[in-house]
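Same chain, two partners: chain A is paired with chain B first, then with chain C.
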Partner chain A sequence: MPRPPSPSIPEKEFLYSSLKQSLRLDGRNPLEMRTPALTFGPELGWVECALGKTRVIAQVDAKMVKPPPERPLEGIISIHSELSPMASSEYDSGRPSDEEVTITRMLDKVLRRSDVVDKESLCVLAGQRVWHLRLTIHCLADAGNMLDCSCLAGIVALRHFRRPEVEVVGDEVTVHHPSERAPVPLSMHHTPYCLTFAYFPDATILPVLDPSHLEQTLSAGLLTIALNAQRELCVVQKAGGVPLAPDEILRIVGIAVDKAKELDKLVEQKLKEDWAGRTVEVR
Partner chain B sequence: MSSRVEILNDGGYRSDGRRQYELRDISIDTSQQGSADGCCTLRHGLTEVLVTIFGPREAKMRSQTLHDRAVINVEVNVLPFSTGERRRRARADRRILELAATIKSTFEPVVQTALYPRSQVDIYVQVLQQDGGLLHACVNATTLALICAGIPMTDFVCAVSGGVHSTEPLLDLTMLEENDLPHMTVAVMPRTGKVTLVALETRLHVDRFAEIFKLAGEAGQALHKEMKRAVRNRTSRLVDAMETSMKQPVGGERDVVMEDRMDF
Partner chain C sequence: MSSKALRPDGREAAVLREMSIVYERLDRVDGSAKFGFGETKALASVSGPIEVRPTLELPSQAALDIHIRPLASISGTDSKALSANLKGILSPALLLSHHPRTLVQIVGQALCGTDSGSGMGSVGRGWSASLIASLVNASSAALINTGSVPMRGIVCAVAVGRKASESGGTELLLDPSEAELPRLLGGGCFAFFFSAVLSSAPASDTPPCSLLWTNYTTNTPFDEAELERARDLAEAGVREVWKALKESVGTMDASQANIAPKAKKDLEAMEEGINAEDADESDDAKMEI
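== the complex of A and B ==
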């Protein structure tokens, strides 16, 4: 596979010189996100999230399985994500690239390890039956900041999903079809949002939030922060890149706190709108 | 579990008898290992890692070289006996790949790669024992090994882990503490006081974060002194050895020279 073409020198200089004047090529302010466009599918737990031209589909489905003997009281959550060459010609289908590893690990940390879904609530019958949630993330197009887009899609899909109601009488488990009883939402502890800031080699250029593809390739380091609207950090990741002063990092964390609150408001509103437009039949 | 281990007791001591801000014992061994250009065995308490550096040398894969700087290649190997429960980890384990990617991107801006175009620096990390603070041990050992290999760097990279127990910040966590507490790893460059690496993976309130973050920065400076002393020791021994070998007559007995070298 040939190496993807790197940005040309004029392109690079143009981007740097415009960023120096706090101008971005798509007309945003340095600390402005592309407004996420959330589209919900006909099924519960199917979400398409778009940040500009970056598009990701997330889908949740649940099935009942026998839990592993070491954790008989907890449900299972698994995340499947793949960066195929469909998203961008830069991704190879062979061995996972560094970027792919970062994205899958971050998804795992943000959506699974930070205890988003109450796993014990997914237990139906201790040691016998638990729900296995499967979150599949399809990256459709990469126009920069794939990570935030997939995290947002994943978390919204989990919020949107409703599992069938179950009834346990003795050892007998009855799963009610959605048409019989209204499906129940997952019990969730919190809703983390992922925000990525890009830094550039020239120290006079201010960091930008939600970098586009070109900005991301020309950046000299990314700082990714995942946090919820309750001011709790879930993941902070700055793996190398340009060294930053400690105060600068704390300042960015402060900005991220405000942005997460805005994002939370938007997501809540979209979910409410979608739910209002749905008719759930209960016979 | 019949008895629960107290992470921080009323007297202000931790489960292994340390105070809140006390770091574990550090031992640094930079003696030669095989044909490696630089190596370092670093121990933070019971965590032990061995880093060997090969390079800068010609890259095995010609296609992966860059025309204007050296490529850094990191491979991490976690030995099966390094944890309490013996288990073999696949090389392609995502956690290990991520660790390798983190080390690589931490050192890329610090190592002056522009001095060695079209070459490659290989960093091999062997994790011999794990007792918490794996990432920070790997980063510190890599810094020292790179220095021993004589590869020019702009600064040291000193990493420390920190956590919070209810509201009390703790430094340099052991495995036991890491399993129960929110924790993070911070790597600082002591000369400028800037931060190159921040890794937080567990839920933590923003205000607590700021607290540990600053504390870890200070601890990094303390660690720097220790690391610098190890480098100076090694260099002075090297200089001594060179001076003794200079005194030998030109056609002198080589055995003696070799013996002198064995000292360090």
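== the complex of A and C ==
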């Protein structure tokens, strides 16, 4: 579809004037996230994450492949995140939109290059057999801040996934079906979370966390921070033309740390609940 | 009979798995629905009629654009082939000439995993017949949910599997589940078109229907009689699907996932009251006749 219509002038003015009074159209506080709703599928590694009306499905699967000769001791992780017109008809498949490029690049930085999964633990037989993890992100509905939702879905899917157990005797590799031996979780170094803040052209408006679609469209710039609950910063990305003082960035990082801790608590709790209700067969 | 209750989940040969229809209310599309036979689930969304890109524009009718996406990986050749097939299946049901120079966009998303074949992308077993049937039904439900695309009927589909029977011949199974797939000797999806404009005789409780499309294939030769049997079995099953779809329309507003339980109960009670009066009316509205 050609360019989507931009918000009308009354809509724009209403949003700006309410934000000036620290009021958001959905009744949240400026620094309040929509509470993520995590739903787990029948299979391990299938997660649906919803931030309000923004919905994303993440799925992980693993297969065994021969590693490339230059990295014989490391497993492979690939991330697919193609936006379909299901998210919104403005995303036409075939030509990647700016949004899609941003999401793909950020997912790559947050989930792959920040060393979330221990790649060496995915090696089965040096130079011969390694696991290839494939994470697929499907954006079902874009109601703003798809990036945070996708990152959260992706990281939870990796935490939720378990790969089949493998036995190596000499050069022989046996993959045990989940019904024979309990599958093993991935060995993960840390759990980064992505948090997006929207800045508006009027400098007197304070930034808002987890912008809705309208806020995102009318914002002048986005600051995305990926960090884990241990206060380690993974990615800081600032897009858009709003000049920010160093102090402001430090203040936002401080806020993000608290939010990441809250998110971590929620994710751990959900994963525990799901695991308690799930019976993985072991004979 | 020896063929009774032989299936892993205890079903008889001509029984469908439990169907689930949820109208998802995705935010930025006009209509969406999730349809599942047991765990074989698919999600579809419809937008339309919307503005069309000049390259797709047709002067005399709306362009129908269908994307099919597997659960894992990006869509490969098999998904593209399936979307071309789905275009053929759904276009007889749509009155596309009512909105020339526009676009009707349908996105189908497989929601079940590697076991059902879609997870392997183009190198796996491909799309299983049950999953294709789920996709067709999800698309039909999403089109009903959309309401803005005029239709002349509804397309429903169901899968039929073919299995070697104990007596040495072959036996037909309705709606094979994932667990049964490895033991099948073939099968396929049967899509039927339900519409009052058809001349075939209607059943007592469903409108007339006719076979629209099938991809019935087997790995040993089959004769006309077998195809006829498979068709009849599928027709009986597909009438159940139609009834389930019709029933779901009555509770469309209540099936919203995030609706409060109490409000949902009120709505249902309200719907029941309404349904008693206008059961026939809603049927007519759906058929657009």
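Assume the second predicted complex is superposed on the first by the 281 of 283 C-alpha atoms of A that agree within 3 Å, B and C clash if a C-alpha of one lies under 4 Å from a C-alpha of the other, contacts with A are read in each partner's own complex, and residues count from 1 in each chain.
Just so we're on the same page, a contact is a pair of C-beta atoms (placed from the backbone, for glycine too) under 8 Å apart; a residue touches a chain by one contact, two chains touch by 3 or more.
Because the structure is predicted, anything quoted here is derived from the model rather than measured.
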Figure out whether A:114 sits in contact with chain B (first) or chain C (second), or with both, or with neither.
first
For A:264, select first, second, both or neither according to whether it touches chain B, chain C, the two together, or no partner.
neither
Touching A:140 in the superposition: chain B (first), chain C (second), both, neither?
second
Given the touch rule stated above, what does A:54 touch, chain B (first), chain C (second), both, or neither?
second
Which partner reaches more residues of chain A, chain B or chain C?
B
One more residue to check, A:89. First (chain B), second (chain C), both or neither?
second
Touching A:32, do we find chain B (first), chain C (second), both, or neither?
neither
In the superposed arrangement, which partner chain does A:74 touch: chain B (first), chain C (second), both, or neither?
neither
So chain A touches chain B in one structure and chain C in the other; where do those two contact lists coincide?
none
Please output the residues of chain B touching chain A within their complex, sorted ascending.
92, 94-95, 97-98, 101-102, 104-109, 184, 188-189, 192-207, 209-210, 213-214, 217
Chain B partner, complex, touching residues on chain A are 95-96, 98, 101-102, 104-105, 108-109, 113-115, 190, 220-221, 223, 227, 231-246, 249-250, 253-254, 257
Chain A contacts chain C in the complex at 1-2, 41-43, 46, 53-55, 57, 59, 61, 80, 82, 84-89, 92-93, 134, 136, 138, 140-143, 213
Note which residues of chain C are touching chain A in the complex, please.
24, 26-29, 32, 39, 43, 45, 47, 50-53, 65, 67, 69, 71-74, 103, 105, 107, 109, 111-115, 119
